[in-house]
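Order as written gives the chain letters A, B, C, D, E and F; numbering starts at 1 within each chain.
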Amino acid sequence: MDTSVFLEDLDAFAYREALASGETIVLIPVGSLEQHGPHLPLGTDTILSTHFAEAVARRLGALVAQPIAYGYKSQQKSGGGNHLSGTTSLDGAALIGIARNLVKSFLNQGVRHVVFVNGHFENYQFLYEGIDLALEELGIGPGAGQSVLLLSYWDFVSQETLAQVYPDGFPGWEIEHGGVLETSLMLHLEPARVDMDRLVDGPAAVLPRFDRLPVVPERTPATGCLSSAAGSSAAKGELLHGQVVEDLSLDLAGELLTVPAGVPA
Amino acid sequence: MDTSVFLEDLDAFAYREALASGETIVLIPVGSLEQHGPHLPLGTDTILSTHFAEAVARRLGALVAQPIAYGYKSQQKSGGGNHLSGTTSLDGAALIGIARNLVKSFLNQGVRHVVFVNGHFENYQFLYEGIDLALEELGIGPGAGQSVLLLSYWDFVSQETLAQVYPDGFPGWEIEHGGVLETSLMLHLEPARVDMDRLVDGPAAVLPRFDRLPVVPERTPATGCLSSAAGSSAAKGELLHGQVVEDLSLDLAGELLTVPAGVPA
Amino acid sequence: MDTSVFLEDLDAFAYREALASGETIVLIPVGSLEQHGPHLPLGTDTILSTHFAEAVARRLGALVAQPIAYGYKSQQKSGGGNHLSGTTSLDGAALIGIARNLVKSFLNQGVRHVVFVNGHFENYQFLYEGIDLALEELGIGPGAGQSVLLLSYWDFVSQETLAQVYPDGFPGWEIEHGGVLETSLMLHLEPARVDMDRLVDGPAAVLPRFDRLPVVPERTPATGCLSSAAGSSAAKGELLHGQVVEDLSLDLAGELLTVPAGVPA
Amino acid sequence: MDTSVFLEDLDAFAYREALASGETIVLIPVGSLEQHGPHLPLGTDTILSTHFAEAVARRLGALVAQPIAYGYKSQQKSGGGNHLSGTTSLDGAALIGIARNLVKSFLNQGVRHVVFVNGHFENYQFLYEGIDLALEELGIGPGAGQSVLLLSYWDFVSQETLAQVYPDGFPGWEIEHGGVLETSLMLHLEPARVDMDRLVDGPAAVLPRFDRLPVVPERTPATGCLSSAAGSSAAKGELLHGQVVEDLSLDLAGELLTVPAGVPA
Amino acid sequence: MDTSVFLEDLDAFAYREALASGETIVLIPVGSLEQHGPHLPLGTDTILSTHFAEAVARRLGALVAQPIAYGYKSQQKSGGGNHLSGTTSLDGAALIGIARNLVKSFLNQGVRHVVFVNGHFENYQFLYEGIDLALEELGIGPGAGQSVLLLSYWDFVSQETLAQVYPDGFPGWEIEHGGVLETSLMLHLEPARVDMDRLVDGPAAVLPRFDRLPVVPERTPATGCLSSAAGSSAAKGELLHGQVVEDLSLDLAGELLTVPAGVPA
Amino acid sequence: MDTSVFLEDLDAFAYREALASGETIVLIPVGSLEQHGPHLPLGTDTILSTHFAEAVARRLGALVAQPIAYGYKSQQKSGGGNHLSGTTSLDGAALIGIARNLVKSFLNQGVRHVVFVNGHFENYQFLYEGIDLALEELGIGPGAGQSVLLLSYWDFVSQETLAQVYPDGFPGWEIEHGGVLETSLMLHLEPARVDMDRLVDGPAAVLPRFDRLPVVPERTPATGCLSSAAGSSAAKGELLHGQVVEDLSLDLAGELLTVPAGVPA
C-alpha cells in the first residue's frame, strides 16, 4: 500500500504528509462507460486514462485520484452516438459539477496542481467549464501558485509515432474510437480485457460534416467503431504508451516542477 | 473477462445479449473519497460498497456498474466533517445529477432494475432525489416494470451479527466511521489496504445532538474516527460480510426475481 | 404585539433594535404539508416545529422566523410516500434554495445565530446543503462569530421520556409518522386540531430495508400512518414537549449564549 | 377544524373527499418578510394576501394552502430595497422553484385550479415562470381542464374605491409600500399588529425612472416607506377589503365555476 | 468604422483605449423576437431598444453592446401570449444567465457603468435578477464606483408627449403592444420595415385582471395586438423618440457623468 | 422587407405563411463578442456566421434567426483567452440555456429543421448539449420528422481551398483566430470593418498541448491573434466564402430537402 500512487489506497495521515510539501500534484483520470465495439470493454476510456495517469504519476511523484468513470454523451461523429446500448453518459451539468467540485475540494486541501487526464473526446469542454467555475469561486487568477491543467492523452502522440502506428496514413482523430490506437494500447496494457477474435474489420465510417440530432442511427457502423482496429498490436500499444508517457511527463515536469508559477515555459 | 460481473469489463455486444433477457439488474456501488483515520485508506467506502455489490451480483446473476467514487460532503456527526484533508466531496447538485443521469441512461438502455448500494451515510438523500427526478422525467410510476432500489449495506446487518461484532454493546451507526465494522470488513476483504499498526484507540466521540456550521473542528477526534476500531478482526469482517451478502441477496431476489412488478412482497 | 417572538409581528425598527445587540438568535421552524392519517391535520409537522421554536425562543430571548411550511418529498419508509394526496412537497433544489437564501439573508442582516428546528424527517440533508452553500458564499468558516445550527426536535427526546411514552417498547423513529409521539404532542398543544374519533388502530407497517421507486403503494397502510397512534394522550404530549423544550433550550444556551464562538463545549 | 378553509387544518381523508368532486380550487397566498416602516409588521404582505385568500375561499368553497411567506428581493422603486434589515428575501430561482413544485404537486393530486394570490409586487414574474415551467412539465396546454391563475390583489381595487381612499389623488401603485392602502387594510384586519403611534408622516419618495444597482441607500426614506400612511383608517381598510373580495370572488367564480374550461368569458 | 458606437464594430485595441479612461459606459439593448401583428416585424422590440441605445450613446459618448435579441416569454396581458407563432422566447433562467454573464464580463473588463435599455415588458424582473446576482458575485455593494442601471424606454415618455400621441386618452402601457407607440416609432426610425397597408384596426383587447395559464388563446385578438395602431404616424414617432432620447440622456448624464459615485442626485 | 431572409424583418403573418408549408428551415448564426486583434472588429465571429447563414438561406429558401451574439469563454489555445478585454463571454449554462430554448421554441412553432451555423470554436459542445436537452424534453427521437443540425462553417472549407489560401501550408484550425481565414473573409464581406493598416505580422503562437488555468497571460501574443493575418486578401475571402456556401448549401439541401426524414444519405 505504501508505494501506491492511488489516493484511494492512501490513509488520510499519509496523504497529509504528502500535502505538507506544498507541491503535491493530483492527476484525475477521466473516461467514460461507452460501447467500443465487440472487441474492447465498455470501460476502455477510463482504463486507458487511468493507465496514463498512473505512469505519469510515478515519473513525477504525483498522486492519482479516483477516475471520473462516466463521461459526457457520446456524439455520433466521435463515438458512434449516445443511442448505442452500453454507452452510459452524464449530461453537461453533471460533468461540469463533478469537475468543479473536485477542483475546489483538492485546491482547498492544499493540493498545488490538479491535472485532468482525459480519455474521452466529448468530455473536454465540460471539464474546462468546471475548472473555470471552480477557480472563479476560489478567487484564483493569473499569477496564483495553484493551477489546474487539462489535457487529452492523444494530443501527446507525436507525428513519428503516428507514422509508425498508421503506416498507410492516419485516418484522423475524429474517427479513432475503438480503432487501432485504443486497441493497441489495450493489447499492451490490458491484454486480458481485449478479445481480438471478436474484432470486425471494415472501412472507416464516412460521416457528414455536421451533427444531426436526433441521430440517424444507420450512419454508425454496426460495430459501433468508426474505424477498423485491424492492424492493432501490443507492440504498437507499447510504442504509443511509452512515447506519450515520456512526452507528457516531460511537459508536465517542465510546467509544474521546474518553472516558478505564473511564468511561461 | 467473460466471467466478470463488472460492466467496465464487458464489451457492448456481450452487454446487449444480457439486456435481451429483459431482466437485467445493474448494481451501482456508491462510496466516497474520505478520511478514515490512520489505519484505513481514503477509498474505504467505495471499496466496501463495491465488494458488497460484486458478491450480491454473483448470487443474483446481476451486473456491477462503475462506482460513484466521490460522495456528498462528510458531516461532523457521521464522518468527522468535510474540513479534514483527504475528504474530497461533491455538493448535493452534483451527486443528484450523477444519480439522475445514471438511472435515465440505464433504464433507457433496457435495464430492468437499478440498485444503488450505498457505503457512505451522507449520500442517501441525494441519491434518492436523483432517482426520483429521473423516474419523473421517464414517466415511470407505480406499477411499471422497471424500478430503482436504494439501500445502505449496514441496514442489512442483523441484530445477531451486531451482538457478535460488538460484544460490549453497539455504540450506534451514527459514530461508526472508521470503527469496528468498517475495519473488520476491510481486514477480511482487503487486508493489504489496512494497517492495524497505525490504529489509535480511544473513547468514542461525544457530539452534540445538533449540527453546527461552520464546524467546530476540535469536536472531531484527532484520528478522524468517531469510535475506536480496537477489537476489529478479519473474522468479524467475514461474519459481517457473509451475513449481509446473504440477507441482501435474499431480499433483492425476493423483490426483483420472483415477484411480479408492482405487487408487494 | 410587543411581546411576540415571531418576526412577522415585529416592525422593522423594533427588529433593528434587537439586531443592535449583536447577539440575536433567529429560529426557523421547518415542517411539511403532508398526510398524517385521518386524525391529524396536514400541517402537523409545521405546527409542531413552530411550537418547539416558539417555546425555546421564549426561554432564550430569541426570535422565530416564518416557518418553511412545505418540505422535501415524503419517503415511504418515513412518511408513507409522496404519492398520497395531501402530501405537497418541494424537490431538493427548491428546499436547498430556500435554506440557502434564508441563511444568507439573516446573516447579512447581522443575525448572530440561525437555528433550523426541523419537524419533517426528509428535510434534513437538504437543509444541511443549503446552509453549507450559504456559508461558503458568505466566506464564513471555522472560528467565525456567526453560525447556523440544524436539528430535528425528536433527537432531543430522552431515553427516560421514551420509556414513559412507549411503555411497551419504542418501535423506532423511522415509523413514527402520525404515531404516538406526534399525536400526543398535538393533543397537548393543539387539541382542537386532532380528531381522535377518526384514529384507526392497527399493527405497525413492516417495510423493506431498501427504498424502492416507483413506490409500491400497497406497502403503506391505508391510514397513511406507519405506526398506530393508539395510546396517545395529552399527558404524554405534555411530557414530551416539556422535556424536549428543556433539553433543547439548555443545549442551545450552552452552545450559543455562554460559550465564546469557535470553542467547543 | 371542520369548517376551516386552511389546508394545514384538514386531515388527509377530509381533503381527499374534497378532491373527489374534481372541482377543488386551492388558493396560495404569497407575501414576503419585509420592512414596512415603523408602524407595520414585517409580515404585512403575507398577512394581507392570506386574508384575501381566506375571504375569497369562503365565498367560493375553495381551500387555502400554506402561504409562501418569503418573497423575491425588495426593489428600491417598489419596496425600499433589499438592503434594509428586516427584508428577508429569496432569489429568483428559489421562488420559481417553490411555485413550480406547488403547481405540480397540487395538480398531480387532482386539484382543478390553483390560484396564487400575490401581496408583494416583486414576486409576480417569478411566480409566473414557476407556473409556466410546471405546466410544461405536466403537459398541460390550452384547452386542458386544469388551470393556474395568478393575480395581485391590488389589481382588483376599483377606481371608485381609489377615489374614496385617496381623496387627494392616488399617488400610484409603485410607491404604495407601507402606505395608506396597506396600513388601512391592516387597521381593519389586524389592528393589534399596527402601531399608528409609530407612524412617521412625510412626503412621498421621488425615485429615478431607472433601477440602479447597487442601490444608493439614501434614496429610500428613513422610514422605509415610499409614501406616507397618514390618512389611513380602519374604515378605508374595510372598504378596500370588501370591494376587492367582492370583485375578486366574482371574477374567479365567473372564470372557474360557471364557464367550461378552455372557453373565454 | 471609427465613429461607430457599436462594440461589434470596434477592434479590441480601440476598445481598450476607451476603457483606459475609467469612465466607459456600455449600453445593452434588450428586446425580443415576438409577433407584433401584421404590420410590424418580429424584431420590433430589439430594433427599437437598439435605436434608443444608439441615440443615447451618441449623446453620452457611450458604447452600445450587441443586443439581447430574444426575450422572456410573452405574456397574454402584455404581449398577446407565448403561444403565437413568431414569438420565440427564453425562459427565466436563460435570460437571468445572460444578464448575469454580461454584467460580470463588462465590469471585469473595467467598464464603469452598464445600462440595460429594455424594449420588451416581460424582461424586466429577470434582467434585474441577473444584475443582482452578478454584483453579489463580484462583491460590489453600495458606494462602489461601478454600477448597473436598468430601464425600460417607455418609462421616459412624458405626460406631455402621451397627451399628444394619444389625443383621445392613453389606453395604458399594459396593452401597448404593436400599438400606436411602437408603430409610430417604427414609422419614424425604420419605415421600410413597417407595412401600414397590413394594419388591422379594431377595439383594444379587454383582458382579465389575472393571468391564466394555460392561456385561453381566444382572448388575444386575431391580430396579436392588444390595442389598435390606427392613428400612428412618423411624426408621432419622431416626437416620442426625440423626447425620450432627450430625457433619458439627461437622466443618465446626471446620474453617471456629473455625480460622484454613491451619492444621490 | 418582403425579400428579407431575416426573421427579425418578417411580420408574424408572413412568417406563419412560411410555416404552413411544413418545410421551414431556420438557420441560427452563433458567434461571439471577442477580441480579434487590432485589425478586426470584436463582432467578427457573429458577422461571419451571419453572412454564411444568409447566403445559404438564400440558396435553400430558408430563414435566418437573430444571431446568438455572445459566445462561450474564449480559451487560450483557440482564441487567446478570456482574460483579454473585449472578450465578453457567456458561461456554459447560459449558452446551453439559449440553445435549448431556441430549439424548443422554433420546433414548437412548427419549424421543420433548425440549423446552428457556428463561427466561434468554443461554442460547439454547449450548443450540442442545449440541442440534445431540448429534443429530450420534446420527446423527439430517431425517425422524427423534425431535426436540428449543428456545424461550424470552417469544417466545410475544402482541401483545395485551403491549399490556395495557405500556399505555404495550413497552420491548423486551432490557431486560426484573427488569422488569414477570418481576415480574408472580412475583407471580402465587410471591408469597411477591417483596418489592414493596423495588422501586426509575426510568427504563429506556440502553445502547450494542455490547457492551463488560470491562464499564463504572456503566452498569448500581444496582438491577441494566434497566427498572422499577413497574406489575407479579399480574393481569398471570396474564394473561401464561395466554396463554403456552395458546399454547405449542397450538403444541407441533400440532407434536408431531398431525403425523407430518418433515412441516411
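By definition in this document, contacts are C-beta pairs under 8 Å (C-beta built on N, C-alpha and C of every residue); 3 or more make two chains touch, one makes a residue touch a chain.
If you want to know which protein each chain is, UniProt gives these names: A, B, C, D, E, F = Creatininase.
The structure displayed is predicted, hence computed values, not measured ones.
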Path length in steps (a step moves to a chain that is touched) from chain A (Creatininase) to chain E (Creatininase):
2
Quick one: compare the interface residues of chain C (Creatininase) with those of chain D (Creatininase) and tell me same or different, with half as the dividing line.
same
Go ahead and note the Å separation of the Cα centroids belonging to chain B (Creatininase) and chain F (Creatininase).
47
Report the inter-chain centroid distance for chain E (Creatininase) and chain F (Creatininase) in whole angstrom, where each centroid is the mean of the CA atoms.
27
Rounded to the nearest Å, the gap between Cα centres of chain A (Creatininase) and chain D (Creatininase) is 54
Which positions in chain E (Creatininase) are in touch with at least two other chains?
91, 93
Connecting every touching chain pair, does the picture come out as line, ring, star, complete or other?
ring
For a quick check of the interface rule, what order do the chains take around the ring, beginning at chain E (Creatininase) and passing next to chain F (Creatininase)?
E, F, A, B, C, D
Per the touch rule above, chain F (Creatininase) residues touching chain A (Creatininase) in the complex are 72-73, 75, 82-83, 91-93, 96, 115, 122, 124-126, 128-129, 131-133, 135, 140-144, 147-151, 155-156, 208-219, 251-252, 255, 262-265
In the complex formed with chain D (Creatininase), which residues of chain C (Creatininase) make contact?
1, 6-13, 15-16, 19, 33, 35-43, 46-47, 65-67, 69-70, 84-91, 93-94, 97-98, 100-102, 105-106, 109-110, 192-193, 195, 198, 224
